Structures are given as C-alpha cells and as structure tokens.
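Two complexes come next, and they have one chain in common, chain A, joined by chain B in the first and chain C in the second.
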Partner chain A sequence: MLTDVRALIGCYLRIALAGFHRYATYRQATVAGAATNIVFGLIRVGILAAVYTAQGGGSVGGYDLTTTVTYVWLGQGLLSIVEFWGGTELTNRIRTGAVVVDLSRPWNPQAALLAEDTGRAGFAALARLVPPVLFGMVVFPFRWPDNPWVPVLFLVSALLAMVVSFGARFLLSLTAFWLLDSRGVLGVYQVVSSTLAGLEIPLGYFPGWARTALWFTPFPAMLQSPIDVFVQHGSAVALLVHQVVWAVLLLSLGQLLLRSAVRKVVVQGG
Partner chain B sequence: MIEATELSRSFRVTRKSGRRLRRIREEVVAVRSVSFTVEAGEAVGYIGPNGAGKSTTIKMLTGILVPTSGRVRVCGLDPSRQRIDLARRIGVVFGQRSQLWWDLPLAESFQLLRHIYRTPPSDHAERLEECTELLGLKGFLTTPVRQLSLGQRMRGEVTAALLHAPELLVLDEPTIGLDLESKQRLREFLAELNTRRRTTLVLTTHALDDIERLCRRMLVIDRGRVLADGPLERLRVEVGLERTLVVDLERPTAPLRGLAGVVEVRTETDGRRQRLSFQADRTTAAALITAVARQAPIHDVSVVEPEIDDVVRRLYARGPTTAEHPGRFDAPNDVLRAP
Partner chain C sequence: MADAVTSFGTYRHLVAAQVRGQLSYRSSFVLNCFGQMLAQCTDLVVILVLFSRVASLGGFGVRDVLLIYSLAGLSFGLADLVVGSIDQLPTFIRTGEFDVVLLRPLGTLAQLAASDFQLRRLGRVITALGVLGYVLSTSDLDWTVARVALLVVTPLAGMVIFSSIFVAASSVCFWFIDSRELANTVTYGGSYFTSYPITVFTGWLRTFLAYVVPGAFVAYYPALVLIGRADPLGAPTWLCSVSPVVALLSALGAATVWRRAVRHYRGTGS
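Right, the complex of A and B next:
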C-alpha cells in the first residue's frame, strides 16, 4: 500500500519534472517573454499612476499608489504561471486525435496534465515571476509584506491560482470532444478571464456589485487573490479558502466531463 | 488473451440535410456485432479499408472507448472499467501518433515511461538494452524526439510500448510511411518478439506484406463486420483464387487448353511461355506439369501464388458470409469474374 502511494507520487513528480524540463528547453523564448512582461509592466504602471495623479493622490479601490505599482509587477510575474493565454495543447490533441495516447496510459489523464502544468509553472516561477518582480522592487516604490509568512502564503496562493486556471482550461479544452474544435471557446475565454481575474485593473476598481458577483466565479482566484495575499488586502484565509473551493470544484467537474466524453463521443482520427 | 463477443459501437453524428439550417442527426455504426478471440502467443493481422472500424475496435480493446453493446475481455479484464490495470499489461503503438515527449530526448521519454508504468528499474534497464541493441537506438538516444527521422521515431515508439513487458502488443498501422529497409527491420523485430517472447501481436495495417511476413492469422473487417477470419493460406483457398503455373516450353506451341482444373490460359512469345491459372482444389501443380509434359517438351516451370491483395479484394467482392448483408462492394471487374 505504502509502496503504491510512493510509486504514484513518484510517477506524477516525474511528469512534473518533465514539464519543467520541456519548458526549460526554450531559453531564448523565456528571456524574450520575461523582457516583454517588464515592458508591458512599465506601460501599465504609467497608465495606472495617471489615475492617482488625476485625483491628486490618496487611494482608489482600497489601493494606494505603492500598492498599485506592486500589484502591477506581481501581476506581470504571475501571468505566465497562471497562463490565461496558452494551454491550447489539449484542445489540439483532441482535435487531431492524438489524445488516444493520453487515454491509453496507466494514469489519470487529468492528473498527468496537471502534474505537467505544475512543472511548467515551476519553471515559470523562476524564469518569469522573479525578473519583473525584482525589476519592480528595485526601480519602483514597493509594498513589502510586514510579516515573513506573507511570502509563503503568496506562493501557496500562486500555486492554487495556477490549479484553478488549469481546471478551467481543462474543462474548456474538453469541449473539443463535442465541438470538435474548441479554439473559439478558448479564444473568448482568454479575453474575458484575464480581465475578470484582475489583470488589466485591480478588481478593487470594479463597482461593488461586480466585485460581489465575481466572488461567485473562479476568476479572482486566478490572479487577484495571490496579489491580495501579498499586499495584505483583505483576509488571506478567506482568499485561500475561495481558491481551494474553486480548485476542487473545477477539477471534479473536469473529471466527470472527461468520463462522459469517453463514454459518449468520438475519439477522432483513424 | 482477447475475447470479443458481439461487440458494437455507434456514434451519433449530425450532417447537413440540404435544406438551410436543417440538420439530420443519425447513428453511424462503426463496429457492428464483431466477435473473435485471440489466444496468447498469436499474431493476428486486423485488416480492412479506411473506415472499416479497425481503429474503433482497437480503441475498445484498449479501454479508450466504451462499447455501445457487446462484451470484450482483454487479459481477462474489462477494458473500459479496468483501463489502468489493463494499460499496465498491454502495449499500444499508434503509428500516426507519438507517445514520446516531443521536446525531450528519447532516453528521457523512456525514463518517464518507467515511472508511469512503475516498471522495476532492473527490468526496465534490461529491456531497454535489448531494444537498443535489436532496433539500433544507440545513435539517437540523447536526441530530442522532434529531431528524429520517422524511421528512428517508430523504433522509439515500439521500444516505448515494450519497456513494461506487455503480454499483448497492439499496433495500429506501425509501418505507415516507413521505407522498405525500416519496414523490414521492424517486421523482423516483431516476428522475433512473437516467437521468442511469446508476446501476442495484433496489428492493423494497409501494407499487406506486413501480414504476409508477420501474421499467421488474418481478420478481415469491412463496414464494421468481420468478413473473414483464418490463416492466409486457408482464405486463399476459400475465396477460390487460382494459382498460376508458368511453363516455358522448348518451342512455340498452341495454347494448352482443356487441361483438367485449368480455368484460364494466357500465352506469351508465340506460345513459348504459357500461364495456366488453375484451381488448387481441383488439381495440383505436379499433376499439371505431368499433363503439360505429355503435350510439349518443357524447358522451365514456376508457380505463382495469388497475392494477398487479390485475396482481400476477392473477400470484399464476396461480401460477408452471412446472407443478411449482401456484398455491395464496388470491386473492379477483373476480380468479379466467376472462378
């Protein structure tokens, strides 16, 4: 029993490592990506700072200027961990029929993909989270956490954000079994999800009713939550619980949908 | 090893009706009440034209698809219910899909598979060494898969499917796109695996020489139904294909008609060479040679066996043996001529 559990963990750990390695292969792309994150960070800082200049300082949506700048750099860093815009691999594999290989292995396909995505996110944390945040810390005023547990909670929250985002993308990718091609669905999702997750402006800027409504969606859990944990905006426990609930919910739904896909639909290609 | 009883699978598809915005939903039956068994140690060729239901059957055997009706057991397990247990005991090669990690070196894919299949490290190392030796992988083990040639990749794919020592190896179009030498090498390896290791082989293919070289048994499927099942030699006799005796005579001779069992005579070079097509169940090559020798002095003889393609084409022309499904296959005229 114990050796079984060890082998199981070993298996998914290995897959995660392979995910890390896969993305670590493309070094130039990584450097280019991190540089792009920084450039867009500068643009966003410029725009959001103008909001504060216009109203003559103070705070907007519960954020002062320093917190807003910190929010921008954390967001730029988290972006590639959470991966709103990528993750079309599974859709493509379903569309081309290559998914039969994933379905013929002695593993849970969802768990295997999650493990691989975690490995990818691990690499992104090193190569894509650190540079913009470091840049922001050095060049701009930065909101430092006032107790040492905050960074730890932030990492846990970032991991949960990645799992929630994975869960949502996995669910949408599976629609390819029925729609034959879910690039349209994913395209719409990519535009909507990043805005509702608080990428362009902090969710604190949204009107009160919208903020309340968003709590009933997984979107804040994908980006705004880890940032708010770091800048200590709101209760960290509430934010983390919200993330856990959505992670469990989305993964379970994915598991169910996968099962019915295999039961009811065509696995394409000869 | 495999037991399929009345196995069926249908899909619901929608298609345009011709009228605007109207769509017709219909059931497409991909596999229709297929029954067969495969014993341990057999090598079976599963053949049929595109869309015959081969891949769908394979997906049901490996537990990827749930049958619409019927029963299937592989290694004594129910594939769709016990998919993961079964996956550890069988190997699958999808000729047109890769099970290797595109961005990673071949050797790393193999290591990953060891963990996924939970193969003991010593067993894994032993089998990997054997495959490396027999399939000649040494030169490209550290190359990322995306940089391999098709032939190299296929050797990698077959190795990947064998590292956990499966009892049953299912190959879906394993030789597709390979050059002659690579095909030959792969076939030899698989034949060896079947005879030495007693690994059961089931392979789908369009390349009929795969079957001829590898499989003692052939299962022919068309439109989701089994058309024929048996050893190639028996199917040859069953569909009544003629063997051909080619005789080279000492001097030009008139066509040798009227010999018992001969259905067709073709002459070349003024009758110096004559091709006598004969039915194997009515006469033998030896009897025919004797009969010819009585009429004209023979210089040389050879016997041409019917090609496997002809056997298959004839089977499609004949249609399934059951009366409820008349043969509707539009075969070329030359194979439709009555024997």
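Right, the complex of A and C next:
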C-alpha cells in the first residue's frame, strides 16, 4: 500500500519534471517572451502613471504610484506562471479522440495534467517571473515588502493562482466532451479572464459594486491576489483563504465533471 | 500588372472558400465573432474604468481618448482580418510547408494571408465601429469636407500601417524561428499603444512606438485634426494629416523586409 502511494507520487513528480523540461527546451522563445512581457509592462506603466499625473499624486483604489508600478511588474511576471491564454491541448485531444489514451493510463488525468502544469509554472517562475520583476526593481521605484515572510507568502499565493487558473481551464476544456469543440468557449474565457483577474488595471480601480461581484468569481485569485499579498494590500490570510477555496472548488468540480464525461465516452471501433 | 490581378483573383477565391467554410458552422462562428467583439470591449472597459478615476489622461478627455481608441481599433481590426493569419508563419517554416508556398506561382505574402483567413476577426471591427459611431454622434464636431475625407481615409491608412507592422515583425521568424512572441510587442503592443494619446507615454518608448513604428499616425494625429486641436507635443499641423503617405512608406518598407526575409529562407532539408 505504502509503496503504491510512493510510486504514484514519484510518477507525478516525474510528470512535473517533464513539464519543466518541456518548456525549458525553448530558450529563444523564453528570451523573446520575457522581452515581450517587459515591453508590455512599459506600456502599462505609461498608461497607469498618467492616471497619477492627472490626479496630482495621491492614491487611486488603495494604490499609490510606487505600488501601481510594482503591481505592473509583478503582473507581467506572473502572467506566464498563471497562463491565461494557453492550454488548448486537452480540448484538442478530446476533439480528436486522443483523450482515450489519457483516460486509460494508470493515473488520474486531472492530477497528471496539474503536475505537468506545475512543472511548466516552475520553469516560468525562474525564467519569466524574474526578468520583468528584476527590470522593474532596477529601473522604477519599487515597493519592497517590509517583512521577510511576505515573499514566501507571495510564492504560495502565486502557486495557488496557477492552480486556480488550471482548474478553470481544465473545467472549460472538459466541455468539449459535450460541445465537441470548446475552442469558442475557451476563446471567450481567454479574452475576458486576464482583465477580470486584474492584468491591465488593478481591480481596486473598479467601482465598488464590480469589485464585490468579482470577489465572487475565481478571477481575482488568479493574479490580483498574489500581487496584493506582495504589496501588502488587504489581509494576506483572507486573500490566501479565498484562493484555497476556489482552488478546491474548481478542482473538485473538474473531478466530478471528468467522471461524468468518462461515462459518456464511446471509443470508436472499440 | 496582370500578375497582380490574377493573384488578387486567386486570393479572393481562397478567402471566399474559407469564409463559406466558417459560415457553415454557424454557432461556432457566432461565438468566435462574439469573442473578438469582447476582446475589443475589454480595452474599452479599461479606458472607462480609468476615466471613472480621472477627468483626463495625457491631457485628453474621455471622448477624445474614445475617438483615438476606436480609430486604432478599427485599423488594427481590419489589418488583423487581412493579414492576421501571418502569425502561422513559424509553423510554415518549421514544417517546411513554406517550400510549397514558394513553389506555387503566386505571391508568398498573399498565400500566407489567405492561408487562415478568419472572418470572426470582424468582431473587433464591429465593436470599434460602434464606439466610433457613438463618439461622433454625441460630440459637437465641426464637419468639413476635408474632415469627412480624413475620417474615411484614416482607418484605411491605419489598416495599411498595421498590416505593414504585422508583415515586417513576422519576418523576424525567418531568422529567429522561436521568437514569434517578440512580434507581439509591435502588433498587439502597437494596438495597445495607439489606443491612447501618445502624450500618455514618455521617453524612448514613445519615440519607438509612435515614430519608428509609426503608431502616432494610426489614430492620434488624425484624431487631433478631427477634434481641431494642436499637438501638445508641438508637431506641425501638416504632420497630422500625412497618415496615407506614412502608410505607403510603411508598406514599401514592409515589402522590402519581407523580400529580404524570404530570400533568407532555407528549407528544413528533409
């Protein structure tokens, strides 16, 4: 029994490692991606700094200028950890029927995909989170955390953000079992998710009713929460609990949906 | 000349065939088109939220910014519709399919543009047109023949400028196959940049995205003429209405870059 569990954990670890290596192979793409994140960061800083110029300094939505600039660089770095725009692989495998192979493997498909995504995110944390944040630290005023636990909590929160994002993408991909092609659904999700998660403007800028409504969705947990943990805006515990709740909720829903999808699958020719 | 005419005819046939194909999956098309409309809408939401916090951005009020945003969105949307499928270029190079493109007696660029023509990209144009219509009908603009002509020419010139940006930026893939994302800095980044008055930005970022990549000529300068304002940055008045000339020069530049890039191409060898 114990050896079984150990074998299973070892198996997921190897999948995660494979996920890490898979993305680490494309060095040129990584450099190009990080450079692109930095240019977009500069455009975002320009637009948001103009808000403070027009306003004559002070704070907007609980963020002062330094916090806003820090927010931009953290967001640009977290972007590739969270991965709003990728992840159409599963839906394509469902559409083509290749998913049958995944379902017959001796592990839980959701856990295996999550392990792979964690490996991917691990590489992104090293190669894509560090460059924009470092750039922001050196070139712009930066809001440093005032105690050493904050960066640790930030990393935990970033991991949770990635899990929540994975959970949402996994759920939407599964709709392909019923819709046959969920690219449209995923497309709409990709378009709105980053803005609702707080990529372009801090969610604090939104009017009060919109902020309240957003906290009932998983979106803030994908980007705004880790940033708020880092810049110490709001209670870190509340932010982390919100993330954990959404992570558990989305993963369990995914597991349930997967089970009913499996009952539905008919293998052609089998 | 006759070559260009035949080439255009073939292009039209290829595009028409794809459009027929896409329209036969009605619900999928509607959903995809809706996604594109929404993509343009999220940028609009960002602008509106920013203006809920401030009265002006870079010295311009919400109507002026919306005018700039809609002209930029229209230009980008049309360019994306016409040449957007050029982002498939790395796949063509990697798989060696570009060999086939070179063998056919048709222009390489037209073939690539027609390779994955997506009518759904009209969604962006629809949103931008809606906002443009709203701004023009609710603003008190002084209409002259010259201004009406400018309003018609601006999206077309902007379309040519953005198409040139798409082509020139994608050419980089012939040298650096995995650097596709870098092209996004001037295509999607350019679209982001041109949606705001250039006075919002500063330093080399403004110099680069407004003049080297001629983003200022897409929407900002024409909008200044339409609302009858002098450039706060001190550009002479004539510079504000030379967008068509800039468009022509961009197209020539992009064509030169593309030809050099294609000559650089070497097949995959197997």
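Here is the rule we use: the second predicted complex is superposed on the first by the 264 of 270 C-alpha atoms of A that agree within 3 Å, B and C clash if a C-alpha of one lies under 4 Å from a C-alpha of the other, contacts with A are read in each partner's own complex, and residues count from 1 in each chain.
Keep in mind that, in the parts below, contacts are C-beta pairs under 8 Å (C-beta built on N, C-alpha and C of every residue); 3 or more make two chains touch, one makes a residue touch a chain.
Model, not experiment: these values are computed from the prediction.
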Clash or fit (per the criteria above) of chain B with chain C on chain A: fit
Which of chain B and chain C A:21 touches, first, second, both or neither: first
Which superposed partner A:241 touches (first chain B, second chain C, both, neither): neither
First, second, both or neither for A:50, with chain B first and chain C second: second
Larger contact residue set on chain A - chain B or chain C: C
Touching partner for A:97 - first (chain B), second (chain C), both, neither: first
Which of chain B and chain C A:7 touches, first, second, both or neither: first
Chain B versus chain C as contact partner of A:213, first or second or both or neither: neither
Angle at the Cα centre of chain A, taken between the Cα centres of chain B and chain C once the superposition is applied, in steps of 10 degrees: 90
Smallest separation in angstrom, by C-alpha atoms, between chain B and chain C in the superposition: 11
Contact footprint of chain A on chain C as seen in their complex: 28, 31-32, 34-36, 38-39, 42, 45-46, 49-50, 52-58, 176-182, 184-185, 189, 192-193, 196, 200-202, 205-206, 209
Contact set on chain A toward chain C in their complex: 26, 28-29, 31-33, 35-36, 39-40, 42-43, 46-47, 50-51, 54-55, 60-61, 181, 183-185, 187-188, 190-192, 195, 200-201, 205-207
In the complex with chain A, residue positions of chain B that touch it: 11, 13, 50-51, 54-55, 59, 62-66, 80, 84-85, 87-88, 92, 94, 96-99, 101, 103-104, 108, 111-112, 115-118, 144, 173
Touching residues on chain A, where the partner in the complex is chain B: 7, 10-11, 14-15, 18, 21-22, 25, 97-98, 100-101, 103-108, 112, 262-263, 265-267, 269-270
